[in-house]
Amino acid sequence: MSPVNYLYLASLLFTIGAAGVLIRRNSIVVFMCVELMLNACNLAFVAFSRMHGNLDGQIMAFFTMVVAAAEVVVGLAIIVMLFRSRHSASVDDASLMKL
Amino acid sequence: MSFPLLTVTAALPAVGAIATAAVPAAGRVAAKWLALAVSLATLVLAGVVFARFDPGGDRYQLTESHAWIADFGVRYELGVDGIGAALIGLTALLIPFIVLAGWRDADVPDAEAGDTRGRRWRPTQGFFALILMVEAMVIISFAATDVFLFYIFFEAMLIPMYFLIGGFGDRAHASSEDEAAKQRSYAAVKFLLYNLAGGLIMLAAVVGLYAATADQLGEGTFSLARIAEARASGELELATNTERLLFLGFFLAFAVKAPLWPLHTWLPNAMGESTAPVAVLITAVVDKVGTFAMLRFCLGLFPEASSWATPVILVLAVISVIYGALLAIAQRDIKRLIAYASISHFGFIVMGIFAMTSQGQSGATLYMVNHGISTAALLLVAGFLISRRGSRLIADYGGVQKVAPVLAGTFLVGGLATLSLPGLAPFVSEFLVLVGTFSRYPVIGIVATLGIVLAALYVLVLYQRTMTGPLKAGLEKMPDLRLRELAVAGPLIALLLFLGFYPKPLTDVVNPAVEHTLSDVEKTDPKPDVPVTAHDAEAAK
Amino acid sequence: MENLIGLLVAAPLLGAAVLLCGGKRLDRAGHWLGTALAAASFVIGVVLFADMLGRDGEERALHSHVFSWIPVEGFQADVAFQLDQLSMTFVLLISGVGTLIHLYSVGYMEHDARRRRFFGYLNLFLAAMLLLVLADNYLLLYAGWEGVGLASYLLIGFWQHKPSAATAAKKAFIVNRVGDMGLSIAIMLMFTTFGTFAFEPVLAGAGETSEGMLTAIGLMLLLAACGKSAQVPLQSWLGDAMEGPTPVSALIHAATMVTAGVYLITRSGAVFNGAPDAQLVVTIVGAVTLIFGAIVGCAKDDIKKALAGSTMSQIGYMVLAAGLGPIGYVFAIMHLVTHGFFKAGLFLGAGSVMHGMNDEVDMRKYGGLRKYMPVTFVTFGLGYLAIIGFPGLSGFWSKDKIIEAAFAKGGTEGWILGGVALLGAAITAYYMTRVMLMTFFGEPRWKRDASGAVAGASPQRPDVEPVAENAADADTAHPATGAAAEPHPHESPKSMTIPMIVLAFGSVFAGGLFSLNSSFVHWLEPVTGHDHGHSPLSAAAVTSATVVVLLTGVALAWAQYGRRPVPVLAPRGSLLTRAARRDLLQDDFNHVALVKPGEYLTRGLVYVDAKAVDGAVNGTAAAFGGLSGRMRKVQNGFVRSYAVSMFGGTAVLIAATLLMRAV
Amino acid sequence: MSGLSLTHTLAQQAYSTSTGEAVQFWILGSVAVIGALCTILMRRAVHSALCLAGTMIILAVFYLANGAYFLGVVQIVVYTGAIMMLFLFVVMLVGVTAADSLKETLKGQRWLAALCGLGFGVLLIAGIGNASLSTFTGLGEANAGGNVEGLAGLIFTKYVFAFEITGALLITAAVGAMVLTHRERTERMPSQREQAEARVRSGKQLPPLPAPGVYARHNAVDIPGLLPDGTPSELTVNKTLRARGQIRDVSGEALADLAALEQRAEERLERDQDTEDRAAHDRDTEEAAK
């Protein structure tokens, strides 16, 4: 089996995650889907690093994780705020930009 | 560097405008007198310009030239040729009458005036300040010999005009006051949009001109003199298509302003909704900038393109002549009727300009002046009439001449001038235009001649319905012209008569300028088939 | 001497200016001022005439260049006068008859509150007409031409508060405008052809250009003439012009306005001589109008309308003559002058009658007036004899010559035209006799009907009101007619009778005087040229024929109106009669052919302007508004739909990259 | 010879992977995909979170398989351990049971999403497919000195700035989270009196809510107290339990017990009756004997 399959898997997961972002209304779930996409990317990075035989890819994945962590922290905080302010975690309720 | 006469002439009303606007709410009357004084002073200065202008001299005189926006080769260049001088004279002449005629138009009951809603509200001051501001801008645009400078004021004019149209209307002509206000703002917006659209197209053309000159002369310029000189020396050779596009850009803007069919529809609304003095300002002063610019910029900058476009433009012009007259006949509203009449007259002017004959263009220039005066006379008197009844509908009047013979008389004279009766100024110009057009484009000339019959129709129908016949109920108490109103109508009529019998002062100034323009477009008058000299006339006897 | 020419025009012009701008303080003396200035211009005319007689035929023409009017490169219009025999004839006629009419109006209008203005207009009229005949170029003539139009407009519509008057005035002006259009086109043609439009060079150069061009110019001039001289097809305004006060009618019909056309054609003789087709059209127009006017004249019961019809046909005679070329010019002018006398006399007489019958115009309500107003009767009678061409009186000499000339044209045209002219003479005799009989003979019919019938009958001058009276109620009550229950015929005041008497002399002797060893011919020959042609009939034959037909006409009229009493109410009459009463349906024709379509056209255009021209613009605006409204919906504020678009965008980007790499 | 065999094996490793890894890939891969799908399809956030966690663990395994040992561990510790727990924490905070319906409210959103997703996936896969990735060099020598050391080497040399910056980022994030979630009490806390008045004004229940449980026979919070007529009162139970539907309704058995009680009382009374009769009869017979 060729490691390219990892890439296929990664893109598949990424797509699923993206679809989730688009479909789900619950902000937390949406957020999870984003995480899923990030992880898919990480998988791709790792696979690439294996293909090219150097560790830069893994470094990228590493940074991704760090950033993801930070992002999650802030993002969840925002979700909590939202929930407090409008007693709902639905992204559709946060549509004040509507004309 | 001699005395900057033109700058001062233009600056005076601008300063006056600011001063007028600064008058506190209490001093309404003072503001009026101030405005009148300023306009009269401007008239004097314009008289000096006219006197200092030497018909035999250079093409542009009283020139001033300063670098302005060096990076873009924009210069502050002023200078008048005969045409400019005549039109500056016209502007400065009409404004005092407009001020005098609009004496009460902007007044509000003292209850409303002064301190309302916490703000100092001074419509009267604003009205006269705006009028003076327009005057200043118009004068500059007549004097500008730098395309960019002209463009700026050509556009800036719209702002005060917008407020004059939208802000001040004759009271209670429509069913209700706010109904009237709605129509007014519609008219104002329409005016603004039409002219802005034209102006933007022109802006594109201006930029294009800069690019072309920058491309060929090394450094871009807007100076008429520089461009003409470059063109003469062959440095500047615009590609045919470029020139045509630029021409169209300029012409559209001017055709909207002029206005030429089918870009005319803003005029009836604007003139109908605004007060008579403002309507005069629109049709007699501001619109002239459009026709003037055709003469100076379209022909001056793009000769080949002008002659290329001539046939189409002439057809449009003749359509305007007939179309405007026909619609004038059908109008029920005095001011709109006059507006459509003006459209017809502007058709004549454009026709004269693009006939490319000395008669046509001299005629067109005279026409600008005469139409200004005659329309002012007719429209202002109509305004007095309307102010008495508070209605613009022809149907609301009748038999006025019994109660107000002088008003009726002045109205009739104004009307006769509009239908260009010999002995009154417009006849001279109209006939010149007709002859000038006919001698090169006979068919168009003949069709346009229909215009004089139609003109008789709409003027006389208007007069018959308003002034003659049995007296309409409610008009019994209508007063005749007051002294102030006589002071407006009288001099205008006198002027019409004078220029009708002795237009020489004007033609002397205008002819050389027209010769220059014709030489720009490299056109000469068509020669008569059988030139008859006085000599063989003698022989024949 | 040259400088005096300017004064001819200046005097009445000054009068007009003073009277119109003078204000109320001139009300008392204004009319005398006007009359005096008119007289002054007549006197000047006489002086110049005497001076002119002093020189011999060729050198008689005087020129005076006053100032340069419209100087534009190649287009030099001057205010310059030319006084030759032709102009002189007109000057004398205009100022002479004009002065008399002024005098007459002093009496006629004395009850009118706006008499001052009336005289102002009269002076303006004279000034314009004099300018017309004195101009030395076509443009200045055009100025006078339009000036006449204006003056006629003001005078016909003098009683403006009467809608009928206002309408008539407007009609006159506009119909004239159509003619003016012809004149201006003619001038433009001249300018493009000859590079000038002064009489001398144009007429001198006429020979050098193509016949086609001359025909074009000629036809345009004819159009102009038709307008002013009320020739078919532009005749319709003349009848309505009777709405004006009677002196105005007299002035328009006798001395000034309608003669302008004849003057124009005669003046432009050189052009017409070069264009036989144009001439033919002129003669046809003349002939048609001649009959047309005559027929209308027969049917009218309104005395002024009847006279108007006769004017039309008499002018027809002149135009016909002018169309004949050098054979006719002189006689056209001669008839014009004699006609000036007797027609003025007739109108003033008619006015005097109306004055006596408190403005009743219906001849069927006259009758037997000769006992009550003898002077009027005599002068009117002389005028009548003159117009029907009773041998020895003015009309006879001039009209007879025209008929001769018509025959002398030769060929079939000659016969036809001559025949028409003869027929016209017969009809003229008929309807004028009719007028005469209905007015002055027979038993009075104005006593018969109950009081108020006359009072109620269409009043001519409802405007006669005390100066002080409040203007507002003037059109509700007409003091002049409202007051008088019953007519009391009486002779008119001196100021009215004197002019009539003078004119009567003119209408008796002028013709004879002119024909005395054909002095008039010699007088005009240098200007118009003259040749006798070769008449297929001897002069005697024509004369006798003329006399015979006019006697038949008279006899017919006598048979119908002299022997049996005239019914007060007009009988229904034959189809022709009814048509003729309606001016042979000219107005109906115009209404159907021009007015209605015009109205529809303008209304349609208004719609087009609002919907199409304006609608196009508004439509564009609306389109943009709608579009942005749609676009707006996309911005729904839902994060997820934004995300979809982002995601889609990424997909598209990827697709693009792949494509690029694939390519 | 041996070196040669070594290079050979390296090449072997380079061009394809071991069968074991293949088997593992196919099994775990499909599980991961299923987990992902469950993540986006489960109606309850909790379940989604759990599925996601599962997927992440599988990914960790894949990292390990790809020679990213450090990352694999970090994945489990940080992601599955920390981040997912954070998620669960928030889910609890928001309410575990709030199951949102999967019914789409935005028009066409779902179709568009499906379309985009499909197109995107297809494109991505196509892209990978026609990218020339056939040959690849394994991590053999990269990891020669140990994976962690390798990474450390890179992080502290090549990527040191990025590393520092991410550190700063983390700090900022932490502070930011605190700032966001910290609620400043801006106004004075309402006194008891004010609260009471507010309650009166809003017409809420004034006295404390009735306690759950019945007659001290039950003291569980999930059992509603009974009204005098024996029907259960919702008010007595915590609304979370109510929301979860975890209410044990005991009113039925209470009534049954009551009935049974009366039944027994009945029987007891009857028995007393006939014993008295018998007693009376005995007394009569005794009196007759005398």
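Letters are used for the chains, namely A, B, C and D, taken in the order the chains are written, and counting of residues starts over at 1 for each.
Going forward, a residue touches a chain if its C-beta (ideal position, glycine included) is under 8 Å from a C-beta of that chain, and two chains touch if they have at least 3 such contacts.
Values in this document were obtained by computation on a predicted structure and should not be read as measured data.
*Asks:* Which touching groups survive when chain C is ignored?
*Replies:* Remove chain C in thought and the touching groups are A, D | B.
*Asks:* Taking the mean of all protein CA atoms as the centre, name the chain whose own CA mean is closest to it.
*Replies:* B
*Asks:* Return the distance between the CA-based centres of chain A and chain C, expressed in whole Å.
*Replies:* Measuring from centre to centre gives 98 Å for this pair.
*Asks:* Per the centroid of Cα atoms for each chain, what is the distance between chain C and chain D, given in Å?
*Replies:* Comparing mean C-alpha positions, chain D is 109 Å from chain C.
*Asks:* For chain A versus chain D, what separation do you get between their C-alpha means, in angstrom?
*Replies:* About 19 Å, centre to centre.
*Asks:* Cα centroid separation between chain B and chain C, in whole Å?
*Replies:* The answer is 37 Å.
*Asks:* Give me the residues of chain C that touch two or more other chains.
*Replies:* In chain C, the residues touching two or more other chains are 636, 638, 640, 644, 647.
*Asks:* Can you list the residues of chain A that touch 2 or more other chains?
*Replies:* Only 18, 22-23, 25, 92 qualify.
*Asks:* Multi-chain contacts in chain D: which residues touch at least two other chains?
*Replies:* 106, 109, 112-113, 116-117, 120, 124, in rising order.
*Asks:* Can you name every chain pair that touches?
*Replies:* A-C, A-D, B-C, C-D
*Asks:* What residues of chain C sit close enough to touch chain A in their complex?
*Replies:* Of all residues in chain C, those touching chain A are 632, 635-640, 643-644, 647.
*Asks:* Contact residues on chain C for chain B in the complex?
*Replies:* 20, 67-75, 79, 139, 142-143, 145-147, 150, 153, 157, 160-163, 165-167, 170, 173-174, 177-178, 180-181, 184-185, 187-189, 191-196, 200-205, 207-209, 213, 471-472, 474-475, 598, 601-603, 605-606, 609, 613-614, 616-617, 621
*Asks:* Once bound in the complex, which stretches of chain A touch chain D?
*Replies:* My answer: residues 1-9, 11-20, 22-26, 28-29, 31-33, 35-36, 39, 42-43, 46-47, 49-56, 58-59, 61-63, 65-74, 76-81, 83-84, 89-90, 92.
*Asks:* In the complex, go through chain D and note every residue touching chain C.
*Replies:* 106, 109, 112-113, 115-117, 119-120, 123-124, 126-127, 130
*Asks:* Spell out the part of chain B that touches chain C in their complex, as residue ranges.
*Replies:* Residues in contact with chain C: 193-194, 261-262, 264-265, 323, 326-327, 329-331, 358-359, 362-363, 399, 401-403, 409, 416, 421-423, 427-428, 431-432, 434-436, 438-439, 442, 445-446, 449-450, 452-453, 456-457, 460-461, 464, 467-471, 476, 501-504, 507-508, 511, 514-515, 525-534, 536-537, 539-541.
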